[in-house]
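What follows is a set of notes on a single structure, which appears directly below.
Labels run A, B and C following the written order; every chain starts at residue 1.
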């Protein structure tokens, strides 16, 4: 089974769907391993963020900004967007996290960033609760974006209620992406907000929200979206961060939210396959091609019976490994 | 984000919804940490239950009563309800668990308890399988309750089939609560029945039903219902009980079913926040207010980056802590 | 609560439903503990499979057969089906796994096996993605099957998209089973394909897919289908196999896919209840009957409070134990 067949399967599963080429584009063209928040009201931190080798920067209007600094943050972000996006060796994602759609100022946030001289690559919408929120976002951004201009959309799922609506939210995003001016690229697991919404208490292993954390990955992958994992708030605990990264990565998460620059290298490293994995996957694919030529389907590789699905896992790893050249 | 905004979010998520004030009322006005079953056919145990300091008593017509004692139980409960509800230092919830709606005698159970001189606070309906069950309950209780009389409703989810319908069950309860004479207050996780329905085998950690156990909490919280955890049937094993309480509490459960008076203190204690948690949460809230005044959004507290969601978790803990004065 | 009441509950939950007698028949008449794949293009392996004491044989047209051997496999399976099904001491399930419905040759596979002199007991359909796939299968098999001829259907759920549609897939299978010529009997958890679909990485414990693995059991049991667990691909690691069998069995899985004859005894043994469990369950049921006669509902057995659900778990174990006579 080829990748295009995988895409076709998906197509059958959740209609209406985008064409494979578009998926492929949005899913692989821009890795979002570390998604780093920068308080929108802090010019020094914003300036510094452009010097950090990170996949994805989110200039924040929301939770990282105090209630009485909201206007300041909005205007500061606007002024930064009026300048050229600072260049780097390789491209990166520059986004703006607006306030959630139940606070009226979200429209000002959106207007401010979509009317700057340079568009952000991505708009991040926190606390999406229902499909109607996506509709609202689509209408407002549609009015503001001129001509062929498009932005990526990152959707946050952060409450018990949002989890009940998660499939409908993604269906709406998919539907409106075809007619609107945005492209949904990722779902974010708002772990800490969810803990609060559930009245749950976080342990080291975060097993309390395993249901929600794995449901989000599954829904994201069904809609070919990236899945971005919860924040590790103990930002000095890099060991714990690493463990949590690996836990999420093994579930299928493609990246993780980051609240401190010191977390970035650990996260970006964790969401690359390990040398062992790459060596295993490369060897397996070679062995597979050899057996396929000889007309053998199932075969053994290093003591394990290998079939199509395992082979595809190996393909996944090799694809991720190709990002290492950007490191 | 304030608590009323949380409620508004919820409102957007799953309409139609009750007003916030009503939620607040039903959700916080009566803690249901230990939900203790008392066999309805045993006058001594019923009498004794009134002397136990427990949040919630369920006089049982269902699984705790043998098939040939059903009438006896119903009549005995009726006669107890004809007397004044015994007074205590603080109020408590006095309920009746009727038989499930697929056994015709459930109507007799309901009639018997809703026509007593004093209404029970709550009717507990086991083995709810589909929204139609809620409709049936609403119709029957509507006929029996006079004038402004209202009862709380506790809904049991206990089978594989019921879990497929859990969201629709809650939507129906919410909808009919607005027109009917009952107020849904809690979902109960019928763990042992579910094990039987799945053909599953229980281990110490109960990981086999993690999916269902966490799904129930999430749905309950989306509908602002209390979530009441499974029974620990080894009633002499108070260590194991404590561990299971903490496991559930960390997932967001607000209480636990209890089959023996000896289990009550452990359960009631477990579903209160610990001294450490209260101290952490109180300190955090103070620190938050201070930073908020100074115009800082994100800030660190004891080495962790704190934002809105974490702050709300702290609020949850402080709210629960206020119950300690009743202990 | 009796078994027939359980069935009635189910009936209420997910309509339209088959009658209890039919469920009972399909669910208990044929254990499918080990479901063993045999490459359809290998006459020696097929011949050998008939000598192995295994509940369920799947002659494979799909992943176990290389792309350039598909026709060979189809024709070889046809020729084996033209002979009498080899007899054994006790009956077993002889099935054909066709290619998935997004590859056109699936129709040739189906036609080939349903027009042989002897029908296979079961057709196994991999990578079912949506209800329409079941409809397609129903139409094609309906055209091919003559008169009263019927086949069992085993449905594979193997991708993120399929998990979003799993309930609708089962509803469609249930609906069409009533008018069509097939009887859905099992859901298969396509673990390795799912890992690939999620981009997940498998650990020893397989916790990364706990959500999906437990959701599948729950849906299967709600529709009274057998639940067949993922492959353990390290086929020489019988210790690991045993651990994974027990993990699945405790969740409610009734069987497991097997890719090597050496795995069969471990799997078939694991999906029987242990001597301790049988002794516990038998004793409990006797004790229950005694207490029931005396008019006691809740009672203690070996230090645990026993009620109806626990009793039903014991019944489950005793039912499984009866299969031991076939060993």
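Of note:
Note that in this section a residue touches a chain if its C-beta (ideal position, glycine included) is under 8 Å from a C-beta of that chain, and two chains touch if they have at least 3 such contacts.
Everything numeric here is computed off the predicted structure, so don't read it as measured data.
Rounded to a multiple of 5, the C-alpha superposition of subunit A onto subunit C involves a rotation of 120 degrees.
Homomeric contact subunit B/subunit C: same residue numbering on both sides for under half of the interface positions.
With centres set at the average Cα position, the gap from subunit B to subunit C is 36 Å.
Touching of two or more other chains is recorded for residues 210-211 of subunit A. Within the complex, the subunit C residues that touch subunit A are 37, 39, 41, 63-69, 100, 102-103, 127, 129-130, 132-133, 158-165, 190, 192-203, 207-212, 231, 233-236, 259-260. Residues 1, 5-6, 8-10, 12-14, 167, 210-211, 214-215, 217-219, 221-222, 249-252, 254, 277, 291-292, 295-298, 300, 303-310, 312-313, 315-316 of subunit C touch subunit B in their complex.
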